[in-house]
């Protein structure tokens, strides 16, 4: 199984915010945005494993600025690390008012996907080899985020999360 | 401003998983589910504040079991706590294969919403008064989850998160 | 085949009225509402027979009050009676302006569904056993409504409709 | 206000049954069909009154034959009679398997619409003048169907329904 | 294989322009219109060949007048000529403001479709026999448009396009 | 009004082909693809003029290879030339089977858009200054394509189309 680079999995998605995507104040609904983010992240994962994938988890997402009707939405997704059968994807989302020439970072997120074989069971994925410093940093952080997911999902005790511990304790 | 009880904000949403909601393996796409969860949680929030709301954040969500095409999806949403201008909503999602008479918990999640005035600026929301033991427990936990959100969003230092600290350190 | 109770088939569906659901006056289109009602009633039927179903008929539906954009729609569906291979479902629809805290009954309706076997042919469904007085009353009325359907569909002569006759003739 | 003829209001609508319009057996869902019928009838009504309209009621609809995925759906709608502020529309729906060259009448229905002024209040509509024998017959029958609607909606007593009485009593 | 007449393939499609079909100025988006035109033309083609079809090409389309939200859209499609395995369809699109009683030709277009056998390979289609003068003229012009398509698609040299040559050179 | 470069208008759009986008053979419908192409091209145009735009025309489009359900669709759009109030956009569309690691050029197209002022009237757009050889070549070809559009739309006589003439006549 051939290793891949983060940039092999990179994908850009552009969407115009249409009326049905908005609430009564004319802002993009958070759930509609997460729907698009999920599709973008699924594509990035599929570019890595070349097989069907299923969403395993979404990390904390904060929505800073409302995105208005008619704005352009740009979603960038790229793998940060692959584990045995799962992959972590990093997403960045921009809103852009093309008439006002105003572009802003809307939010960032991490999502994880599991690769599936034709019977729908998890299958092994290729290794991901980071190239740039930033990619290496994100690769390293993936372990910590994975521990946090396991703790929040009740599958790991906090005191066993060595990687994460540093976040909370000045030693 | 009159206080409200969690059950005043309770809402049930039912959806059938249709072809366009699924990936090529016939499983509900995670993003489509999050779209529905966002709408359910927005309704629960609006029942509390009686005004427009906007999604502020989604906490970690794990998807345990795939939900199949044709299955029934049931989403329950209820407020756990209201803060100054924001509200935390707790969601539970069940999948159900009606032919096989098999119902399973798909996932749980916490989402927060901000109440908006007619100009789109945050406005004060009523207090939420828990009634049952479970509601009280969720009310108490809301503070801890709020700290975690602030830390993960880079707006609070981990060492200032008193409530959360207990989770990570055996003292 | 085990009998079921009406409450075993009860289902609640909640929807927000979005821009594409409305006409140019900002009111929910009747057809969009019937689409949702059909899905709610199909779910109630499937909860009873645990098999695929197909819409057989919709009784007269009147739309009293327009439902506005952004309003919350709540549909409740419950079986009233099962026949050999078909089931009658009773639906109630509420609109609700969450900001104005104003909730109103939009309309009621009866729909019938036929249970299908894997080859798409009608199959027998379990008996439904009413429990409350209201459920018993609806159970009894189901025969009368069935006769009216057969007459309106040209499959029964009016003079043979003993149950229905009482409606039109004071004897 | 100029009178109109039924054929001035005639409209044909064609739709292909796509995956999302079907249930898990690959048949068009009844509610999706009613959605399309509502749009077709609304267009016929607007061609008559040249103003916005709102669905007032749908008469009993029976679905005889399932319509399959990929089939062509043809809906014809035409006014039968106008009352003071409302209009009755007659619809016929055909399914067609274009590969098998098999076309079949799926169902017929009557729907009524109310004309609205710019403030959303009912407004007067032009008279409809039937031309053919069939149109005259449908025009006459409209009174009877209107009485049935009023009785079924609880707004008229059965014994006051002179037109309808003949249907149920051999005198 | 039985020949067919253009009118055997004639189809009318009616759509109301809903919010999600429009851009931020409230005009129907060109791509949404092309989506509907493609479906209408596919139906006309299927009425001719009685088999699945796939879009092969769309000729130049100009959009003269914007179509507004709430307007009625009428698309008429009819075959002009069949070739070995492909068919050319002529489409006309009208917009109509039903309140203002104003109807206008929005645009015309030619699209070609290829007939497919169950394995997805091109299959022979019946001959089309024009009846009226206009149909004959369109039948003749189809050869010229076909040459232009081949040239524009880089599959024919301009100097070999005998039929088309007359368009560009006064001889 | 500041000039812009083609790359300032460049945009990438990625979409997964979902069930409702396909015909009964599981291939992406041509009209759905054109819908997406229109949105991508509208975004590229808006990035150039920073104002609302409306589709003016679509040049001949040929669909070479069918795009299958579940495939990834990538659309790239970039301005080739701006005229007084209109802009020509060049689009390339790829299909990609991520499991089979097979990517193919589906089709290319040229679309033109008109820039609109707040009253919906055409307004002047900035000049576009090509940088690379390929961009210059496309810039030059835009004049020829414009003449062809005018001839095909009946607004220019073929013999006046100096630029285009060379295509058809060896002199």
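Each chain carries a letter (A, B, C, D, E and F) given by its place in the written order, and its residues are counted from 1.
The criterion applied here is as follows: contacts are C-beta pairs under 8 Å (C-beta built on N, C-alpha and C of every residue); 3 or more make two chains touch, one makes a residue touch a chain.
A quick note: this is a predicted structure, and the numbers were derived from the prediction, not measured.
In terms of the stated touch criterion, the partners common to chain A and chain D are B, C, E, F, listed by label. When the CA atoms of chain C are superposed on those of chain D, the rotation angle is 180 degrees to the nearest 5. Each chain gets one centre point, the mean of its Cα atoms, and the points for chain B and chain D are 42 Å apart.
Annotation: 49 Å between the Cα-based centres of chain C and chain F. Shared interface positions of chain F, i.e. residues touching 2 or more other chains, are given as 19-20, 23-24, 39, 42, 52. Pairs of chains that satisfy the touch definition comprise A-B, A-C, A-E, A-F, B-C, B-D, B-F, C-D, C-E, D-E, D-F, E-F.
Contact residues of chain C toward chain B in the complex are 11-16, 39-40, 42-43, 46-47, 50-52, 72, 98-101. Listing the residues of chain E that touch chain F in their complex gives 23-25, 27, 29-32, 34-39, 42, 52-63, 66, 111, 116, 120, 148-149, 151-153, 158-159, 161, 164-165, 167-170.
Within the complex formed with chain C, the chain E residues making contact are 18-20, 69-70. In the complex of the two chains, the chain A residues touching chain C come out as 19-20, 22-24.
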